[in-house]
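Lettered A, B, C and D in written order, each chain numbered from 1.
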Amino acid sequence: MGILERLNGGRWGVHPHDDHKRPAADTPLRVMPLPAKLCVPLLQHVGAPAKPVVAVGDSVLRGQLIAAAQGAVSAPVHAPSSGVVTAIGPVTAPHPSGLPFDAITITLDGEDRALEAAGVDDPLALEPAEVTRRIADAGIVGLGGATFPSAPKAQLGRKLEVQTLVINGGECEPYLSSDDSVMRHRADDVIDGVRILMHAVGARTALVGIEDNKPEAIAAMREAARAFAAIRICPVPARYPMGSDRQLVEVLTGKQVPAGARTASIGVLVNNVSTCAAIHRALRHGEALYRRIVTVNGGAVAAPGNVLAPVGVLVEDLLAFVGLKEAPARLVMGGPMMGLALPHAQVPTVKACGGVLALTAAEIARPAPSACIRCGSCVKACPMGLQPLEIAARVRAGDYDGAASLQLDDCLACGCCAYVCPSNLPLVQSFQHAKGTLWARAQQKKRNALTRELADARRERLERDARERAEAAAKRKAARAAQQASAAAPGGQEMPS
Amino acid sequence: MLVPVVILTLLGLMLGLMLGYAARVFAVEGNEVAAEIAAMMPGTNCGQCGLAGCGAAADALVAGAAPATVCPGGGAPLAQAIAAKLGLTLDLGGLADQGPKIAEVQEDICIGCARCLKGCPTDAIVGASKQIHGVLHQACTGCGACVTECPTGAIGLRPLPQTLQDWNWASPSFA
Amino acid sequence: MSEYLILLVSTALVNNVVMSKFLGLCPFMGVSKSMDSAFGMGLATTFVITVAVAASWVLDYFVLAPLGLQFLRILTFIVVIAATVQFIEAVIKKSMPALYQSLGIFLPLITTNCAVLGLALLTVQEGGSFLKSVVYGFGSALGFTLAMLMFAGLRERLALVRVPAALDGAPVSFILAGLLSLAFMGFAGLNFS
Amino acid sequence: MNMLASSALPSVAASPHAGQLGSVSHVMLKVMLALAPATACGFWYFGWPAFNLWLVTVLAALAGEALCLRLMAKPVVPTLLDGSALLTGWLLAVSLPPWAPWWLGVIGGLFATVIGKQVFGGIGCNLFNPAMVARVALLVSFPVVMTGWVAPIGLTGAQAPGWLESLQLTFGGSVPDAYTSASLLGQAKTELSRGVSLLQTFANGLPVSWSGMRPGSLGETAVLLIAAGGIAMMLMGLITWHIPVSMLLAIAIPAAIGHAVNPARYLDAGAHVLSGGAMLGAFFIATDYVTSPSSRGGQLVFGAGCGLLTWVIRTYGGYPEGVAFAVLLMNALTPVIDRAIKPRVYGRNWRGQPIAPRKEN
């Protein structure tokens, strides 16, 4: 950072002084041996959970569809290896709450028998719709963490005539190097995936943004992209959260994404490098997304590095493979800035899990929070230009609407504010709490609207029923009276009661 | 003595006329606040508050005869919205420990008498005579009307199960 | 022209009606919990003061003074003020219901806001021209609005911090008002000659 | 796998799981480091009495803080160690006349931390700059003592009082007339009010210099060291240029215009910027985090307001110096500024609405 910039308070984001990416990033890629069982979650994406198409007791093969997509935004799930389905039901989710979610548990037979899979020799000759269909069938979702299913995203891009693809090789989180590893070892796959995606979307150019702290990846990708003029490799400054789509888009294209809108609204579609590699495998080799490269890192790990692991492997098994040198004080899925703390190690990984961290007490140590001194460090650090200190003050006072009026919705939960805070305030937790509370309120409002509708409908129905009954009764009475009258007229006698 | 009296009388007359005219031009009808609050309420007229329906509760709120937490069905969010609207101080103590609840039918006791169906203000219970009844989670307000209707005690209220979607971080303890 | 400008600045800042004359403390303490309602109150009071000062001047100059009825000032002025406030209330209730809600009882109480009557009496006593009196009243009212806005902003921020329980509420507000007054003492003796 | 027993994971906390491990006391310590050279220079100019006063004031500020914390049953030592009360006392001390009697420092120090800060809830909760609250309260209550300046005669000069003598000066009687002298701003104000034009008063040139060797408080004399400390704070990333620059410009520009129009009535820009608390105020007082706006735009407005009010009070007001008043007045306006000027949020315009999508062609 130059002196002038420093006097001006610096730019957004933080520069973690030690990104802890090496030596893990430099170790050779390892393939994890098959564990005894896998728990493949049904909801690994944004949207509706997949619906199981196998039953307990069924034998499955590697690559076999075990749960189908449901609805427009969803993704199917495939078996990562061969074995027998032993349970379909709740397992602990990789989430701090420790709450369960549904998963298909497969006890592996160790033979790893694969389903016959057929790729296409020239995916670029296929109709874009066919490419998208194959991406959907392979269960590919955004692997950078957003987990939006890739096929509907590509469709959206085609519909909005997106011209530019931004390929996210930012991987700005400390400790993580799985995308780095993909770019170093599978640069050709990534570039091929980018070309297939460009074909599917109809985009003319692709900008691959890679943080400049990954020179090996940049070199490998440049080499791979040499033949394709439409694909440009763009080194970007290493600054967290460069890997956030909005920030990367601004750095690469100079345009900001309007608040509350998707990048497609400004003609840009962002995809992760690992997603592109997965698209390549899906189209060329017919391979569904059931395994990925996971960074296992952290002070408690004996042999940190990148591991090719099946989706749904238990964190416990993953850590057993790399070994622990001491008891971790915290397990995190994802990076240290945005990752989720795990309640215990018996949780499965998901498609978007780029890293598992076993952190020591020293690594997570933070002094006790003290009062906010309004120093404004968080304002400088916030990549969205928010005022975390003002929002946090309102949340603390229980003024959630006041927090929302300061655009709490735009918060990425990137953690820059909490990272730089000299008072060590738990800002992210405070914002997440406020967002959750506001969401719950909105839900309650919707619910109230629904019940009000139902109650009104019921009241109307009851009134109608009563009216109809009354009318019927009146009719009967009238009929009886008429009968009476007709009976009385000739005889002049009273009806026997 | 006469002059001041005349002057004051004239002054009063003039200003009175002006105000009379203003009152006609800027007239406002009815109590809009009560109507707005009634619109915020669940509108099920479930009677849990002990008042005759949501409209009555809104009137009581505006009159200051009921606390902001009067509506159990609306829960804490509604109480907060009402308090903000009326500028009341809010004591959520009574509400906080309860949390949202929904009705649940114990299938082994249910005799399928269908009485609860009639009692439910939101038609949240499905079933027919001689059949086991079920509760629609989305529609149930947890008002408890069905509980009193049930002759066998098969219906009870239970807390809404927590899911990954509605789980929330606790408010951090700030220094 | 510059004379009026100096008068405006002097009445708004130097002889601030709240901070150095200590008039209008009732709404200053009462309606200063949020900047929105404080600003609304300030604007309403500004309108009332300006109209009341003008009307009082006219009343005094053309009716009371020629007839030697100065002893009726308080009585007649308060009637004029009350009528103006009633008028304002009707307008706000119709056009800005949210502001009407937030001002609550303090809106009709503008009638008894001593700043209004005080300014009406002061301007008449000063014996300036009509325009000067109106500028005097308007400037003071702006000063009132400024003080209200400042104080409400401070109190809004106060609501976000942890004031010791013993001082929370009115006590700390009074201390705050004292400190604000201390700051306004910087304008003491301001003289643009 | 016993290393992964669930009891081995005591904490499930929200992200981030990393941090810079900074602390409030680090921040305060850096500010004090930046302030130290100018203070030391002040001691050198004004001798032992100045040091005594500084010590008494700082101790009183600490005592006031400790007393309040004790009364509220809050932990005393950890809070005192954050350094904020020390810094408050320090800033107050360097704004007082260096040879002022001990009780001035004690009253000021106590007032600063008790009324200026702890009443509102302690660090981060105060709405006015505590040191300036105390300074203004002292100025209003004891105007004579607060404007009794002395000429800088050095720590070791022939006339300079020794350490024992200095104790007598601080804790005993009043400052002997032989030492007293007027500050530039005070002199200008007094002479102007007597009808003497500035040209006449300062016929031999203005007594301002960058060395700061002239009557004044500790913090207003060594302007170069103050400015150097301020720039050091900017380089350390503690403050940005917005408040200091806008404040100094807002003093200098009206001063320059006034001086050009009527040099007999208005001091020039250099005299304004280099004298009084302008420099200290711009770099150390107005930049107080708690009481200044958090957005850059707001900081520019805040600084400009401080500067302009300072010049207005100095030039037209009843007090010779206006920095403290100006800062307090702008402190009071800070919530209003913060509300009016917010930083532009990514993907939104200044008014907070989403920007229009701009497609690539």
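By our rule, a residue touches a chain if its C-beta (ideal position, glycine included) is under 8 Å from a C-beta of that chain, and two chains touch if they have at least 3 such contacts.
All values derive from a computational prediction rather than experimental measurement.
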| item | value |
| --- | --- |
| Chains contacting each of chain A and chain B, listed by label | C |
| Chain pair with the greatest number of C-beta contact pairs | A-D |
| Reference chain B; chain at largest CA-centroid distance | D |
| Rounded Å distance, chain A centre to chain C centre (Cα mean) | 56 |
| Computed distance of Cα centres, chain D from chain C, in Å | 33 |
| For chain A paired with chain D, centre-to-centre distance based on mean C-alpha positions, whole Å | 49 |
| Rounded Å distance between chain B and chain D, as computed from the means of their C-alpha atoms | 53 |
| Residues of chain B whose C-beta touches two or more other chains | 169, 172 |
| Multi-partner residues of chain C (each touching 2 or more other chains) | 161 |
| Contacts with 2+ other chains: residues of chain A | 96, 370-371, 396, 423, 426, 429, 432 |
| Pairs of chains satisfying the touch condition | A-B, A-C, A-D, B-C, C-D |
| Complex contacts: residues of chain C adjacent to chain B | 59, 63, 67, 69, 72, 75-76, 79-80, 83, 86-87, 90-91, 93-95, 97, 101-102, 104 |
| Chain D contact footprint on chain C (complex, rising order) | 35, 149-151, 153-154, 156-158, 161-164, 167, 172, 175-176, 179-180, 182-192 |
| Residue numbers on chain B that touch chain C, as the complex places them | 3-4, 7-8, 11-12, 15, 18-19, 22-23, 25-28, 32-33, 87 |
| In the complex with chain A, residue positions of chain C that touch it | 159-161 |
| Chain A partner contacts - residues on chain D that touch it in the complex | 1, 3-6, 8-24, 26-27, 82, 84, 122-125, 234-235, 237-238, 240-241, 289-290, 294-296, 338, 342-348, 352, 354-360 |
